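What follows is a set of structures to go through.
Next come two complexes, and both contain chain A; in the first it sits with chain B, in the second with chain C.
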Partner chain A sequence: MRAARAGWLLVLPAAALIAALSLYPVGYGIWLSFYNKHAFFPGEQFIGLANYGAVLADEEFWRSLRLGLVYSLSTIVLQLLIGTAAALLLNEAFPARGLVRAVAIFPYVVPTVVAIIIWKWLLNNQFGLVNYALGVSISWFGRDWIMVSLILVSVWQFFPFVLLAVLARLQTIPLDLYEAAKVDGANAWRRFVHITLPQLAGVLFVVVLLRSVWMFTKFDTPWLMIQGGGAEPYIRTLPIYTFQRTFAYYEAGRGSAMAVLMFLLLVVAAALYFRLWRREEQL
Partner chain B sequence: MKRIGIAAGAAALVFFTAFPFAWMALTAFKRPYEIFTTPPTLLPASFTLENVTRLFEQTRFITYLGNSVLVASATVLLTLAVATPAAYGLTRFRWRGRELVAASVLFTYMFAPIMVIIPFYVLMRALELTNTRAGLVLAYSAFCLPFALWLLRSFFQSIPLELEEAALTDGASRARAVIHVVLPLALPGVIATGTFTFILAWNDYILARVLLAADELKTLPVGIADLYNASVVDWGMIMAAGTLVLLPVLAVFVFIQRYLVAGWGSGGIKG
Partner chain C sequence: MRTIALAAALSLTVCSAHAQKVIRVWHTETQPNSQEAVKNIARRFEARHPGVKVEVEALAWGDLEPKIMQSLAAGTPPELSHGQPITCTALQSKGLLLPLDDVVKSLGEDNIWEQVKRVCRVGGTQYGLVHAAGTSLLIYRKDVAQKLGLKPPKTWADLVANAKAFSTQGMAGITIPGDNLFINILLGELVKANGGVLFDKQNRPQLATKPIIETLEFIRDLTQYAPKGWEGHGYLETFTNLYGQKAAMMYQGYGRGASLIEKNAPPSIANAEHFDVWVKPVGPSGREPAAQVDEEPWMLFKGAKNTREAIEFLKFFYQKENYLEYVQTVPIHLFPITKSLRADHDYQATPMIQRWKSWIEVQEGYLNRDQGKPTLVIDWDDMNSKPYLMEVLGSGILRDMVMDVALEQKPAKEAAARAQQRLEELLKSKGYLK
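Showing the complex of A and B:
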């Protein structure tokens, strides 16, 4: 009994902080979504589902949802491919492997603003190294290319997460599995398909889930991409539009409704994902 | 054949991840006219600190730096002070609701700032904590706590209970057992958690952007983003700023590298 109380007391400050500053705002956000509320001024007025009605009738909402899906799906696929390939490579033995691993992971730990200014400079249409090296004069932040640039920067910034996760798992695959397969005459490709991939299935499941949640809600990378002259409407993803509705149009209620919808979409997607996964496991 | 393939792959990977950083650093040390020459030069023809000097003299970089150091350090201290006892309580005592608390911690770990930023902003405004560094520290701590707890919990779980029990049966009090037996063993985990927290607070843009308006309170990511957003972009200066911001990250990274894999296993990294 004393032990129970001590355990509670130790956890209490952390639990209180998380409850007050993470869980409570989520509840408060849901509450706000039913109100007409200015972002700065106090006072609000209950309007029921009017915010949701306005959001669903807003063509720009659907457009930002589409753009957000294009952005998150393409970055997730590329991160998975590059991250897994890099992990397989860095799991092999070669000189200076530790250093190469560290270098490959580094983009993930730098501030987003640094990743953005680096690529804004590399992709600068007048003086950028990329245009010079390719011998072209592409306007990388114009309407036709800004989504491509955004995807490039995001994949560069976030593929190390996949790399880390897969590499950690690769290191725990028992080597005798491969030895036994070699004895049975399986070639490298068959060993990959029949041993490595099934062993990675679990970690890839978690990685896809986390990356999907975080790419679909990614704000700072696209937002900073727009700053300093970017074709804003062409990468106005759902988080960007939600932010603008709240802090540029000052509609905190409507912004909250969009955030709640974003949350609901993620919950539905996650539920579907879990169901599909289970079905596949039964096969 | 295989070795050539591996070497080529590793070289390509290093080029892809490291070259952009190298290009930033090289640009930072070129004279302004050289930055815009065609064809571009790889190495600075004459190495200069001009851009750094301009950054220090013409912008409030030093102020932003001070704010960043202060806010990130305070976040680390507050997060660790709250998360370490909690992780101990979660692993060493059995109590009703323990699993529920652990599950809700994992749930909040998935939150992205954009999902809570609006109510969070309204709340902080009501508490008159917007435009204060204390408010930002609170925000970061709340945001870092779930993963800090999760990470520390896994470190505490790896410390055998027998050690503490031996100390307790030898007549040591619970506090003495924790201080002399558990904490020394948990220290690497605490330091690793602290560095992950530091990086998150140091790198954040959105919370600082929304919660702070006064120029003298801005942290580096917001300050640099605003430098970049100026009407005429001073590329040499921006690249110098970017390079300088990376130095602490690089120093911390060299240290936590070996914890990164363990950190992934217990959810120590997010974003």
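Showing the complex of A and C:
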């Protein structure tokens, strides 16, 4: 009994810290979502589920959700393809491999603000290097291309995460599996499909989950992309619209309701993902 | 012994730190020489007022309002800050600002332009005092216009025709910024130039009215001659388009453009002979031109710690030698708010003012004829009777409406109806509209 109490006492500081830093803000956000509350001025009025009703009836919410899905799904697919391909390449032996590996993770360590400033210069449609090099005059931050620009910059920025995770796993796959497959006459493609991919499945599961959550809630990259110009309505993803509702419309309650809905969407998506994955495992 | 000495030194430092009063000043003049001027003024003030420290921070236009709001929510506002005129009235209506009448008295009330005194003045009390004023300008390539035989546009149709003519010269006819703030500025001044209003007396949006529909159609027609992807261009990029010879006209230009032209355009054309200004044209339902006045007021926050010292700092800021140094950093844009400095020989002798006279004259014309208003303000009464303009601006609803017409090619009536619905919902949720 005494030992159990001591255990609780020892856990208490950590539990209090988690409650203060994690649970309280989430709880406060949920509480706010039931109120009509100005983002900065004091005073609030309880309105029940009215914020949720207003959000679901708001066509901009659905448009932002659609844009957010386009952004997150396309960046996740491209990050996976490029990150995995790069990892496979960097797992091979070649001169200066260490240096190339170090350079490959460079985009991931560059601060987002620096990355965006660099890309805004490179993609400037009047004086940018990219248009000059390609010999085209694409308006990268205009209506037709800004989502493409955002996806490209995001993939450039975040594919090294996939690369690192996959490369780490590749280095632990036993080589005798490949040797046995070779003896059985399996070509490179079959070895990849039947050995490498199954071995990577576990790490890819985690990578997809993490990157999905991070890309769906990504705020800084699209936000910085539209500072000082940039066709904002065309990359107004859900996190951006939630921020605007809270800090530009000054509607803290409605913004919180949107944030809660975003959280619920992620929970549902994650649950589905886990369920699908389990089924795959059982096959 | 050494420990005691160290402790004594430390306690002295702590005491002196406690004795020092800090005035936090946020401003939006991000040009390096303007920032330097404000810092110089702060250093001189500190030298005259031992125990007072002035912490100056220059903020980008887009960052200022959220930062002010966040500081207010946290209960730690700065002593002084610039802000949009509509932000000033919104904060005043919440009782968050202190009067600046002492500063007005020190300048002499009659010495301040009438136009400036109308900004954030409630019940005869000045809650915001403009740091300097400058109006938006229609800048054009004079040499190219002369070559084409173009005349100053009197109507919107003339302007579209000029843009079309310019676009035959290997450059875009016009450049305008596509970001939220500047589209709101543009829409506000065009609606005014077309005799319309954005909201009626009962706060109901008036987006479906003829003047606004005509305005949207005009923007659609005009932007045909803007560079491809104009909607992604920020304010500074439009200047780059102009002095980089990618565009022949700029509708949302400002006096600071003269400095940018002198600095960045090819030397042979970096002058008023090549870049001049036209008076803005009038819409089909309007009677007189309209421009936006860029005139952020200084605001003094009630919740700040050292408000008395902040008032002294403002008085010091407007003293001739300090104020002159400040306005001379961007002389074609930062018009002094005092008549005395405007008439002052030292001010008039500013070399740039001599070089860009026509730019000054057009701005003076707008101000003297009361054709210049702050962002989204159509009549001066809006300043105090519509404290929700800040939210309207921040929401981006008006910008979405403009983009729906100009980019998505939606009929103006359809775009206006959608925006009307969104604005009504916004105002109802805030209790401004029944």
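Descriptive notes on the structure:
Just so we're on the same page, the second predicted complex is superposed on the first by the 268 of 283 C-alpha atoms of A that agree within 3 Å, B and C clash if a C-alpha of one lies under 4 Å from a C-alpha of the other, contacts with A are read in each partner's own complex, and residues count from 1 in each chain.
The definition used in the following text is that a contact is a pair of C-beta atoms (placed from the backbone, for glycine too) under 8 Å apart; a residue touches a chain by one contact, two chains touch by 3 or more.
Just so it is clear, the structure is predicted and the values come from calculations on it, not from any experiment.
Using the contact criterion defined above for the overlaid structures, shared-chain residue A:F192 touches neither chain B nor chain C, since it reaches no partner.
Applying the stated contact rule after C-alpha superposition, one finds that A:T217 touches chain B and leaves chain C untouched.
In the superposed pair of complexes, A:Y52 makes contact with neither chain B nor chain C.
Put chain B and chain C next to each other and count what each touches on chain A; the higher total goes to B.
By the touch criterion defined above, A:F205 reaches neither chain B nor chain C. In the superposition on chain A, contact of A:G228 is made with both chain B and chain C. Residue contacts after overlaying the shared chain place A:Y178 against neither chain B nor chain C. Once the two complexes are overlaid on the shared chain, A:Y273 sits clear of chain B and of chain C alike. In the superposition on chain A, contact is made by A:N36 with chain C only, not with chain B. Of the two partner chains, chain C is the only one that A:R143 touches; chain B does not reach it. Chain A residues 39-40, 124, 127, 227-228, 247 lie at the interface with chain B in one structure and with chain C in the other. If you check the complex, the residues on chain A that touch chain C are 36, 39-41, 54, 60, 124-127, 137-146, 226-233, 244, 247-251, 254.
Residues 3, 6-7, 9-10, 13-14, 16-18, 20-21, 23-24, 27, 35-36, 38-40, 82-83, 85-86, 88-90, 92-96, 98, 101, 104-105, 108, 110-123, 125-126, 138-139, 141-143, 145-146, 149, 174, 199, 202-206, 210, 220-221, 224-225, 228-229, 233, 235, 238-239, 242, 245-246, 249, 253-254, 257, 260-261, 264-265, 269-271 of chain B touch chain A in their complex.
Of all the residues in chain C, the ones that touch chain A in their complex are 60, 62, 66, 69-70, 72-73, 94, 177-180, 227-237, 240-241, 244, 246, 391, 394-396, 399-400, 403, 407, 422, 425-426, 429.
Those residues of chain A that touch chain B in the complex are listed here as 3-11, 13-15, 17-18, 20-26, 28-29, 32, 37, 39-40, 42, 85-86, 89-90, 92, 94, 100-114, 116-122, 124, 127, 129, 132, 156, 158, 160-161, 164-165, 167-168, 171, 210, 213-214, 217-220, 223-224, 227-228, 239, 242-243, 246-247, 252, 255-256, 259, 262-263.
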